[in-house]
Each structure stands twice: as structure tokens, then as C-alpha cells.
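Below are two complexes that have chain A in common, paired first with chain B and then with chain C.
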Partner chain A sequence: MLQYWIAILTEAAIFGVLALGIDMIWGWSGDFDLSAYAYFALGVYMTMVLTIGKPSPPVEYILGWHLPYLLAVPITIIVVIAFASIIGAIALRTLREVYFSITTLGAVWAIYYLVENFTPLFNGYNGLSGLFDPMGGGLSYNAYHYLFFAFCLIVLFCVYLLVMRLSRSPFGRMVRAVRDDERAASVYGRNVFWTKYRTYLTGAALAGLSGSLFAAYIGAFNSLDWAPTEIFVLYAAILVGGRGNPRGVVLGSFIVYVGFVEMTRYIPSPAARPELGPALRQILIGLLIILMLRFRPGGLIPERLGTDGSQGRRSRMRSMFQAQQDGHDESVATAHADDGSDS
Partner chain B sequence: MNIFWISVGSGIAIAAILALSAVAFTLEYAVSRVVNLAHGETLTIGAYSAYVAENNFHQDLYICALIATAFGALAAMALNFSLIERFRNQKPLATLIATLGASLILQNAVLIGFGGASVSYTFSQGNLFHIGPFLWTALTIKVIISAVVVAVLIYLLLQRTRLGKALRAISQNRELAQVSGIPARRVVMQTWAVAGAISGFAGFLYGETIGTITPTVGNGFLLLSITAAVGGGLGRPYPTLGGAVVLGLVMSIASTYTSSAYQLVIAFGFLVVMLLVKPNGLFVRGRISTVRA
Partner chain C sequence: MSGEVLLEVADLTKSFGGVVAVDHCSMTVREGTVVGLIGPNGAGKSSLIDLVTGFEHPDSGSVRFDGAELIGLRPDVISRMGLIRTFQTPREWRDLSVIDNVRVGRSKLARESLFRSLVFAGSMRRDEAVETSEIRQILKDYRLDDLRNDRAINLSGGQKRLLEFARITAARPRLTILDEPMGGVNPVLGERIGEAIRDLKRAGSTVIVVEHNLPFIEKTCDEVVVMDVGTVIAEGDFHDLRDNARVVDAYLGNDDE
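And then the complex of A and B:
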């Protein structure tokens, strides 16, 4: 039983990292990105091909460098960022909101079919496998899994600290100011595209990192594991926890992963109907998304606009007062008052 | 050269179906300003209801078509009533996310109802015909003719009826239309019924052409419909028709020379080029700098 819980919690921690990344793009920057799961998948694939050996004839994939895991992770992240920078440059330059989502939706399906059918890249439909041992050998099965769980928790915690710091920094406020009123933010000298682009790439980097963790956790990966619709689970988690608030996002991903895995465990899944359990799970996730959006769009721990607890009460009052006077949105006034560090 | 014309011929059939699906999608956008990501599921529902009808009514093509149309319309009306109207006061993006949720629910409901394996229509494909340079089966010809008929019907509906006039007014400005005495809610609901009917019919035609359907049949069509609509001009029926025809031909010609598995990759390439070069549509005049919906 303990192993079972460790497995679920490890998964929740890995997807917590991914959710924090996606939340930067959607929560802070307001861009509903449907291709983020492709960055996660690319992270998994890249980590795999970097750490496993050369392919033997019927199987084919690129690289196969047999690098140590901790060296493969940064390379993976760089590759993912490079890849996201192409899609981000297309989707973010002039397209917003619904058009942005459509473009990323097209991108993720195009990538999906490309990876599935173009075998020389990542062995196509059959995917990659090759168990490896990121912690260095010599551990028993259980000890290894406990250690890996601890490792994931530490990574999640570090990412959380980093994201929280970014969120409270002038950069975090600038991103939100751009989200809330692009025109006003650009009048105050912010570069709208560059702000959104950097947020997008940071989010993609976190997606790549969580992909690296997932590669070590799962050990084998093929295209069935990353149907682009899987991303809705993460959006459900972000919506439940509180969009734009890192604390809420981590909470949400634990609630959704643990809650849903536990709930769907008791759905009878007869051998003749293996699709029943997963299908019901998807339906529940769809319902969860719609109901949260309709009745509690802020989530359990809503984002506190502009301030995020970093400012004193007085300056918060002042910025609100200023906002009323200028007839502006609060956050824009905050961005003005704080003067986001770079320009 | 022969292969080329055969592939263009099959491309015309797919383009005809795609045109219907994309017009339905664009009509939904025109009246509700929503990118309906559950649009594919109305096609799926149409295709599956025709499959059920086929098993129960002894392969009568016309009864199957009628039932697919009716169920498509019902599904779209239910979607509008239970979801789109409730999200009317929220941002377009929130509605888009909600339709994603609806798409998950409907797709998996079909999956539970009919299983994940593909089911087959058993309509005979009929004889082969050489028409000009094209090689078509009797069924393909029926598909193309009925798609053209439906397109003409849509034209008549938009230009010659009160509903069409009200629809065009609402698509330009819902509040203003309402002030002028147009019952907006009712017209929107009727538009969704029409759009659902068209897409249910399109789903049936697609199943008929391909022969087998799965619960994700409509979802694969969704991206193509979006590409056609955005490529032609989102929310504008005639530009969308043009976009669908262009996309259908581009895809079929391109997949003559590569694997057909890359169809969606090609479609995405088309979408990106359209969005970068002419973001408000191939057949719409004018330019705008930042596209938002």
C-alpha cells in the first residue's frame, strides 16, 4: 500500500512541476496554450534518447548518447526551449486569445502525428524504452522508489520557490499587467511580445524539466502516453487550485491527481470493456473543468491581483487608490507604481 | 499524371464534406462568438446515429441521412442551451475552454456507448465512373452532389429567409439586433440547430466515404474545420467555404506525394501560413495588426 501511495504522489509531484509551468503561460500571461503537453513529451523523449544506448536495427531513434541522467536534464531543457521558441514566435507575435489557442492546438496535433509516423526520430508509434537508473546503481527496488520520490519532491519544492519568487518579482507583476491590459502596459513602456515570449519559454522549460522527471519515473514512453487531450487534466488541476497562484496550482495538482486516481480506482473495469475506466475519468475531468469555470473560476486559492502578498498593506491601498483616480485597472496602476525592472 | 487526377478527385469529395463541417463551425462562431471545440463531436454523433439507424432500418441511405441530421441538430442545440448560453457573459477564452470540457464528455460518452474499436458502414460503394479525368464511385458522386445541394440550401437560407437575415444581423452586433426587435436567443438557437444539422450530415457523409468510424472521427475533422474557417475567414460563411475547398485540394495533392499520415501536419502548415500572411482570412479584404477574438 505504501508503494502505491508513493507511486501516486511521485506522479503528482512530477505533474505539479508541469502545472506550474503551464500556469505561467495561462495563469500569468493569459495565453491558453494547448501545445504545452508536446513540450512535456519532447522532454521525455529527449531524456530517453540522451540516456539510453544506440538503437539496435529494427528500432530506430536519434542520438543514443548514453549520458548520465543529471547531464541529460539540462540538455533536454535547452532543446525544449529551442523548440518552444519556434512555436512561441509564430503563435505569440500577433495572435491572441482564441487565435493563439487555435494555433497551438494545430501545432500539438501536427507534432503528435509527426512523431507518431516519422520513425527515425523517436521510433514512431512504438516509442522508446530502456530502463535506466538515474540515482546510480546499488539500491533495492523500494529504496530506489522512495529516493526518487524524495528527489521529485525536492525538485518540485525548488521549482515552487523559483516560481513564487518570479511571481512576486517586478517581472511577475509586469507579465500580469500585460495580461490585463496590453495597450496600457505598452504605453508604460513594456514590450508586450518580449514579456509574453519570455514567460512562454520559462513555462516550456518547466514542462521539459517535468518531462525529464517523468522519463526517469516511467522508463518507457510511446505516443499513446501523450495524446494531446491529456493536457486537460492539468488545466483541471490549475482551475481547481487557483489559476495564476503557484500555491494553488501545486495544491490543485495534488488534489486532482490523488483524488482522480483514487476515485477511478473503484470504477469497475471489466476485461471486455477496458476503455470504461479511462473514459469515465475523462468525462469527470470535462465536468470538473466546466463546473469550475462556471461557478468558481478563481479556484480554491485565487490569485491576488497585482500584489500577491509581496507589498505592504499601505502600498496596496495606495495603488488601489491611484487606480480609482486614474480610472485604470488596479494591476496597471501597480505595474506603473512598481516600475517593472527591465524595459 | 493519372494518379494526380485521381487524388484530386478524392480530394474534391473530402473538400466537399470539409466545406459543410467548416461552414457549420463558422455559423456557430458568427452568432455566439465561440470557437466551439466540441464541434467535432456533433459530427461523431451524426455518424454514429446513422450507424445505429443503418443497423435498424435496413440500409436506407436517406433515412440514415435524415437521422444523422436530426441527431446532429439535437446535439448542437443541447450544447448551446446547456453550455454556450450560460457562458455568454464570460470571455471568449473561457467559453473555448468550456467547449473543450464538453468535447471530452461527449467523445468519451460515445466511447462508452460504442466501444473504442471502429465500426463499419455497409453501404455498397457502387460502380466506378470515369468523369472527365476523375475516377469516382457512385457513392462518392452522391456525396459530392449532396454536399453541393446543402451548400446551395445554406446560401438560400442566409440570403432569402428571415432567419438568414436575422442571423446576419446578430453576427454583426447582437445587442443592436436585439434592440431592433430580433429575438436573439431564439435565432441563435435556430442557428445552432442548423449548424448541428449540417455537421451531423457531414459526419454521416464522411463515414460513408471512409467506411469506418471511431469515437474520435469528428475530433480529427475539428482541426481541419478550424483551419478551413480561419484560413477562409472565421465567422463568414462564404469565405469559409472557399477556405475549405482550397484546404481540401492542398491536402489531397500534398498527400499524393507524401504519406497520408502527414495530412494534419500539412493542414497545420497551411494554418500557420494563413495566420502569418493573412490573419483575417484568405477571402476577406483588409488587414489587422493583432488578431483577437
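And then the complex of A and C:
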């Protein structure tokens, strides 16, 4: 049982890193990106081909290097950034909103079918396998999984600290200003494309890192293990936790991955319909998104407002709560307007 | 009163489809003046501003700001040269706090580098703390200090207008272009906006104001430029222009308000 929990929590930590990356692109920058799961998958594949060594026929894939895992991770991230820089350059230049989303959706399906059907790349739909014990050192099966869980938690924590620092920095503020009004941001000297592009590539880098962790976690990966639609689970996690708030995003990842994996485990799947369980999981996630949007659109821990820094923690919480209430209530905003400017 | 030429628009033309919005338009603005840009609806005032600030590209002509050609530059590049504009509606950053709206106006771009934001977070926080008192003084001047930690979207229409001025004051531009700052504003607030424009001038900014409210123009502006059908039809002192037959025609003959 403990092993089972360790497995689920490891997965939640890995997807927490991915969710933090996607939240930078969607929460901070406002771009509803649908290709992030491809960056994640590319991260998995790249980590594999950099570490598992030469292929033996009929298996075929590129590179086939035998690098130490910890060296493969940064190379993977660089490759993912390079790849995202192409898609980002196309999608972010002039496209916004639904046009941006459709472009990134097209990109992710193109990549998906390319990987599945072009065998020399990553061995087609049979996928890759053979990444075992990436941390080295002849530990027992259980001990290794505990160690790897600890490693994932440490990585998640470090990523969280960096993202949090960035979120509260002048850079994070500028990204949100660009999100809220691009024309006003360019009137104040901000290069809209470059701001969004940098955020996009940082988010993609985190997706690549997350993929590297996932490669070490599952050891084998093929196109059945990922589908572009998986990204909606991550969007659910971000919505539940709090779009734009790294703390909320980590919380949401654990709630969705731990909570939903648990919940759906007990849904009975008749032998004749083994697809019922996973289908119900998708439906429940859809329901969760709808309920969150209806009753708590800011998420459990909403985006933090930048204040003058003179307030204590408690009053900051209070103003956060108020903002959550006001922000989505038109009548309050109008009542506010009646105070006029001469108050 | 009249310093060096700061902005020089020469023979600017722009058409949208078959409509010539700006037609061989030329004008000059001297440093340190407040210029009122008036004319009936559809005269091309807003199009002219879009061309000057890089949001539209002209078919021909040139715009020089302090001697440098602006045509072909992106809006953010033009802004960094010291030219800031507003739009007909206030454009606050809705989900930023009021104080952060002004901070973005003030902030230097170097500080917003991704690398520096990650590595030098501590020293940057200290820089920002130093600026806070200056920014709060600006907010106090516009009676927004009590609202500084509120979400900008929650401000009233009039407060959003004042927030625009607070943001401009913080940015310290050399040239400010205001596109109908009095739109939807009550008379009391109108007084305050007139004062804000004089404050901008005192702080060293040259100002161009597009406005339909002629008494306001008379009180606020040093010079007036009148546009009609895409070109400047008169320039000069407000009182001289009142007797100019073409100006009166433009307003009485074409105005569809």
C-alpha cells in the first residue's frame, strides 16, 4: 500500500512541475496553449534516447547514446526549448486567444502522428524502453522508488521556489501586464511578443524537465502513454489550485492527481467494458472544471495581487479574499463606481 | 514658451481601403507646449495618433521625434524614446493592483529581465521599496492611495482616468498624447484632469490633447491644431482660430455630434 501511495505521489510531483510550466504560459501570460503535452512527451523521448544506448534491430530510434541521467536532463531541456521556440515563434507572433490555441493544437497532433508513424525517430508506436535505475547504485526496488520520490519532491520544491520568485518579480508583473492589455503594455515600452515568447519558452523548459523525470519514473514510453488531450487534466489541476498562483498550482496538481487517481480506482469496470473507468475519469474531470468555474473561478488559492509591501500576511489574505469576491461580481464593481472620484 | 521642435509630422498619408483617413497632413509641436488637437468626428485625429505612435503604418510621409524618424518603428520602441499615449477608453491592467499599474509605468525595463529577476531578486526588491514612497506620492496626488492594493478593474470609470495620469506621471515621458481624456468624465473630475495636464507640463512633458470640449481646450492649451478631412486646416492661438471661417465651417458644417 505504501508503495502505491509513493507511486501516485511521485506522479503528482512530476506533473506538478509540468503544471507550473503550463501555468506560466496560461496563468501569467494568458495564452491557452495546447501543445505543452508534446513538450512533455518530447522530454520523455529525448531522455530515453540519450540514456538507453544503441538500439538493437528491429527496434530503431535516433541517437542511442548512453549518457548519465543527470547529464541527459539538461540536454533534453535544451532540445525541448529549441523545439518550442519554433512553435512559439509561429503561434505567438500575431495569434491570440482561440487562434493561438488552434495553432498549438494543430502542432501537437502533427507531432503526435509523426512520432507514432515515423519509426526511425522514436521507434513509432512501439515506443522506447530500458531506462532503469537512472540514479545508479544497486539499490533494492523499494529503496530506489523512495529515493526517486524524494528526488522528484526536491526538484518540484526547487522549481516551485524559482517560479514563485519569478512570479513576484518585476518580470512576473510585466508578463501579467501584457496579458491584461497588450496595447497598453506596448505604450509603456514593453515588447509584447518578446515578453510572451520568453514566458512560453520558460514554461516549455519546465515541461521538458517534467518529461525527463517521467522517463525515469516509468522506464518505458510509447504513444499510447500520452495523448494530446491529457493536457486538460493539467488545466483542471491549475483551475482547482488557482490559475496564476504557483502555490495553488502545486496544490491543485496534488489534489487532481492524488484525488482523481484514487477516486477512479474504485469505479468498477466490467470485464467487457475496460474503457469505462478511464472514460468516467475524463467525465469527472470535466465536471470538476465546470464546478470550479462556476463556484470558485479563481481557484483555491487565487492569483496574488502585488501590494505596496506594507501589509502583514493576514491583511494580505483578507484583501486576496475580497478581490476574489469583487473580481467576478459585476454589481459590486458598479456599486464601487458610484463612489465617484471625489471620495 | 516655444522651445525646440519636438515632433514634426510631414506630409503623412494613410488610407483604409478607399477612405483616406489622413491626407498629406503636416504639423509641428514645440517642446514644452500643450497642444490641443481638435476637429469634427472622422477628421483623422485618432488615425494620426496611431500613425505617430506606431500602431498603424502610413502609406507615405514622415514623423520625426526629436530629430529621429519614427515611421517603421514598433510602438514599444517609440515609447522607449519617451513618447506615451492614451486611448479613448482607459486601458488599465485589470488584474494588477492599482500600485502595480503605476509601478509598471515607472519600472525600468532592465529590471524586468528574466535572468535578473531570478538571480538578483533581493536587490531588485530593495530598488522597488525605494521607489514605493515616490509612487505612493503620485497615487496620493490622484486620490488613489487608499485604493492602491485594489484590483484595477474595480476602480470607477473616473478613477481609471486618474490612474492613467498617475501611470504617465510615473513614466515621465517627453511627449504625452492624450486621446479624449475627458470622455465620460463629470465636470468636477474634468477640472482635475485639466490640472493633471498642467502638472505634466510642469514636470517637463510636452502634451498633445485630442478633445471635443472647446472650453476645456481654451483653458488648458497653449496652441490649437484643427483637423478636418484628414489634414490640418489651421494652427495657432485658440482666440485667433475662433474667427477663422474654415474652422467654424468644419465644426458647424460637418460635425455629426
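Note that in this section the second predicted complex is superposed on the first by the 303 of 343 C-alpha atoms of A that agree within 3 Å, B and C clash if a C-alpha of one lies under 4 Å from a C-alpha of the other, contacts with A are read in each partner's own complex, and residues count from 1 in each chain.
We take it that a contact is a pair of C-beta atoms (placed from the backbone, for glycine too) under 8 Å apart; a residue touches a chain by one contact, two chains touch by 3 or more.
The shown structure was predicted, so the numbers you read here are calculated from the model rather than taken from an experiment.
Legend: residue contacts after superposition of the two complexes on their common chain; A:98 is shown touching chain B, with no touch to chain C. Contacts of A:287 after superposition: chain B is touched, whereas chain C is not reached. Shared-chain residue A:187: touches chain C; no touch with chain B. In the overlay built on the shared chain, the residue A:297 is in contact with chain B alone; chain C does not reach it. Touch criterion met: A:279 reaches chain B, while chain C stays clear of it.
Once both structures are placed on chain A, no chain A residue is touched by chain B and, in the other complex, by chain C. Chain C makes touch with chain A in their complex at residues 53, 55, 74-76, 79-80, 84-87, 91-97, 99-101, 103-105, 107, 109, 111-114, 117-118, 121, 124, 128-129, 132, 136, 143, 148-151, 153-159, 161-162, 167, 171, 186, 188-189, 192. The part of chain A that touches chain C in the complex is made up of residues 162, 165-166, 168-174, 176-177, 179-181, 183-192, 198, 202, 303, 305-309, 311, 319, 323, 326-327, 332-333, 336-343.
The touching residues of chain A, when paired with chain B in their complex, are 30, 32, 90, 94-99, 101-103, 105-107, 109-110, 113-114, 116-117, 229, 232, 235, 273, 275-276, 279-280, 282-283, 285-290, 293-294, 297. Chain contact summary for the complex, chain B toward chain A: residues 35, 37, 83, 86-87, 90-94, 96-98, 100-105, 107-109, 111-112, 115-116, 223, 226-227, 230, 259, 261-265, 267-269, 271-272, 275-276, 279, 289-293.
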